[in-house]
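Shared chain: subunit A. Partners: subunit B in the first complex, subunit C in the second.
So, the complex of A and B:
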């Protein structure tokens, strides 16, 4: 009996090993994209701390709900600011290219569809969308190394599309989970522009989601942005959540 | 670094607050050296989480069920007024402003909410009870999240203009371009709101200070999206007032937000224009760059029912307004930095060539403390729109105000 169990376990183990793809320059980007992308509703409590040289850090905390394009045909989101007090109740509602800012003081919705900037943070537009390393970049070099205690693939990327924020990227990808723990972004001239550090992750329903992310501006020294994610959920959200009426009622 | 959630585009404002992960921010910053930041193994860096709770509980349960809040503001200022530009000011006024907005928000369950907001201004009318005026008092409830109701005294969201809002015939106060973010006082009303995907149907039944049910004003509105543009169609119907239709448009022009609204009325409530169509309309552009602390707004307004002080038959005043607001961090490389805010507002009337210009410089030298100098220059004759204040009286052409603002803020 024991032999059978050992034999089955060995076969399963072998099968798992055969099933696990060897990581190469050709497949590492698609594997990272697979790890990071999910096509389900998402909600969390989200905190952003922004450090600017010469001024006190600013922090914003909000409840965030989002729905990917795959579910309703267009992306949707709802966010309500919880802190600070001066912005408490300010709401953001997004649908496709349109978004509305709700001001609880004037009870007014301002509609906009100019989604050009993530303002006053060290993030860029490329940080916002679906992970798409495979379509945007090609691997030019791949070596092994360590990042703290983590054994990594160190991957040099070069842009293959024009509309990306950075021409070259260096990624530190954990060998075990294939998560990008560190990213350095370079300009066309090779200047280091920004470093992104993602030391902590959540695993929920088989999907990996950031818990902490640090964005460090390498040009304007001292400028940093920290993102923190709590109470993360991938549960389905009701349709009525993504409406002006719900936002108005949930805001102060 | 990217992930398939689009949340981060939401972050359009700044703030200060607390964190959920029991963070020591200084420790986090110190730990930006990689050895300590990545001192965990991969297994330890990834935390497997159960579904922590129903996601909606994030806002519906974790929020306190009864919240007090508000805003306090103070402006200890003196005004210097010139009737002409010869010599020192003709009049000096001690002109302090001190006030409080106070609200409570009670949510006994997810389908019932009561909100009230009061305002008090110095000199407080002699007693605490006289000091407060009720600004909003309403209850929210909904029918199965299909129709949402708000009943009570409430600010009505009607119009898309930033400096002028000619379609807003529903709120009790009108938008002041020199204080464009202030909240308007609304009437006693029942609002019904029905979401239809991205579109929304509204119906307001307004019963403020009426004696008979037939005096209720009805104001339906339908807001809908066409591509990146949002349109609104509305109407205001009251048996004793001119019937009105309204059109609202917002959408992008490059990096600018375009907005426009128009009011069509058959007759007028203000001037004698029976049996004729009266049009008022406005259009403008809005630009904001929070990163650069910059806002620019330009708006034109055609007031079809305007009347001038000297010529009551005159039709169609043309107005325009421009506001520029810019903030600077002072000494950004020093440990502590103040903030310098510059603003400039110009309002003009092209029909009688009057107008006003309001520049201001404010220095926030401490948190909750600033000093400011601002001015108002009015031009045009004494009977013009921006100077006429009543029979035989007119605003002085020039006023300068020095302000010390202490202990202001939200709570």
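So, the complex of A and C:
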């Protein structure tokens, strides 16, 4: 009897474990969003190195602050350029679907969109916000494969909402941590337009954080942008941080 | 007839003075005609180039919310606006269906942003005539992925005929997309800045890249025979559509109101399609401001020159009368009436003025031809917008010649009145006494 109880308990335990780990087309996107998004405020500093064919690379340092939708009812982010001095004070503010760029020289805000690039890089305003694969895309195919030595789910996605930059996306998602290590973005006609690589992650307060991200322009050869994240914190941020007044004040 | 004989005799008698005076009148008239013709020619040239290349004289856009709820300008093949436009304009306007977008041409690591215009090559004979190609051929239905690109951009991107170039743009829904095009023709830079304002592709191909059906379009371009009344015609067309209960975007009174009206479109509290009508004046207001400035300048020059002519004639006549005082006295003593004195002087000045007008008109024509023949080659500067293939265009209108000539003759008559009147009042006895 005891033998059977142990066996059944083992089978049940194994079943529970398998159930917890079973990734399917129906749940992979929500699981990725869970991994990438925080329920708390987020702040960090990042260095952005932009390479343009025929030109010297440019380096900028920015401070990034973000707040998920769950806290205030709408997603918010604020990014401020700290270096170089010529761009210092330039800011990007996002509140829900509204985006603004602040120019410290003219002291004016101009309306932007999720699709506009940040500081002429290969990264868009939208890339600074939270991931939302589950709401924006559906899985059309899912296979197993490898990215280097990493076992991955290779997932093909098709857009289901209008506010997306790319109609089709291919993700390489690590099986172990369910982190997207590589993303390929395709045009409506199926042309590869951009590749995003996130080879390095850190575990901070139980959350996985990007440490390095590469945006590679597949259309214009030689163009790419590298992001290096540092000083990451998940501590609460003051409410006034995500306002135009703060951005204007911090730029003086 | 008698006065004419005397007047002609006096003109011939003082050839030098007559020629100088006629020459001054000719100069003034030539300048007036040239400045006015140049102003009109520049405006005509610019307006027709802009209309032909970019916008037509009247642009119709159809705003609607797409299936994914974004506001776009997009008209489908069956939309009634095309038929309504044909009914209104009839033979007085030509209607072309076009699709437009902003995109980036990419060749390797080189890139250049530009407006892309999707056209139906078989319907665009006027554009074909306007675009001078350095190399290659105009678009055709046989090769729908062909593109006409300006020489400046081809050089910048290192492209030649037959090369492929990638076009990066967004669909009407805003999704990133690319197209692969083949260089079919390279537009000559003769049109200056206008040459590189847009590249041209087949509408059906561009529609594919924009994610819409091949026969759909984003703009209706209407070309009028008379480009001077675009605003009035646009308003009339708007009223015509309004009376047919067509859903329209309000016509703005000014530029700011235009922005406000467009902003109200994004409230998404309406359905279906709403048409926006814009005249070339609204699309390129600065052109018409420059036109007003040019015409104003030519009017000012005309007023100044005519004032100078007026004063010149008057002074010259006074001098002549002073010199001929004894002659006038003698003629009066012999029985010539005052009226006859006035008539003879006026006639004399009118003959000189007529000679001047003819000389001036001929001079204006010759100088105009010379000016038109000069290639100013302003490259891709702002000023090149007002040239046609590097040349100024003169708009020699018969009425301008006629009107200027008539005004000059009238002014000369006016300037002659007072001095002639004074001459007629000369006392014959005193005049003869001065001979003695």
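Annotations
Basically, the second predicted complex is superposed on the first by the 161 of 252 C-alpha atoms of A that agree within 3 Å, B and C clash if a C-alpha of one lies under 4 Å from a C-alpha of the other, contacts with A are read in each partner's own complex, and residues count from 1 in each chain.
Rule of thumb we're sticking to: contacts are C-beta pairs under 8 Å (C-beta built on N, C-alpha and C of every residue); 3 or more make two chains touch, one makes a residue touch a chain.
The structure displayed is predicted, hence computed values, not measured ones.
Within the superposed three-chain model, A:188 lies in touch with subunit C and out of touch with subunit B [touch as defined at top].
Of the two partner chains, subunit C is the only one that A:165 touches; subunit B does not reach it. Between subunit B and subunit C, the partner in contact with more residues of subunit A is B.
Legend: residue contacts after superposition of the two complexes on their common chain; A:28 is shown touching neither subunit B nor subunit C. Contact with subunit B, but none with subunit C, is seen for A:46 once the two complexes are overlaid on the shared chain. By the document's definition of touching, of the two partners only subunit C reaches A:219; subunit B does not.
Contacts of A:173 after superposition: neither subunit B nor subunit C is touched. In the superposition on chain A, A:235 makes contact with subunit B only, while subunit C stays out of contact range.
Of the residues of subunit A, those at positions 53-54, 115 touch subunit B in one of the two structures and subunit C in the other.
In the complex of the two chains, the subunit C residues touching subunit A come out as 66, 68-70, 106, 108-111, 166, 168, 170-171, 173-179, 209, 211.
Residue ranges on subunit B touching subunit A, taken from their complex, read 1-21, 23, 25, 28-29, 32, 34-43, 45-49, 51-56, 58-60, 63, 67, 69, 103, 105, 113, 115, 140, 142, 145-146, 148, 150, 154-157, 160, 181-184, 193-195, 198, 200, 223, 225, 227-230, 250-252, 254-257, 286, 289-291, 329, 331-337, 367, 409-411.
Those residues of subunit A whose C-beta lies close enough to touch subunit C in the complex are 53-54, 115, 159, 161-167, 185, 187-189, 191, 193, 219-223.
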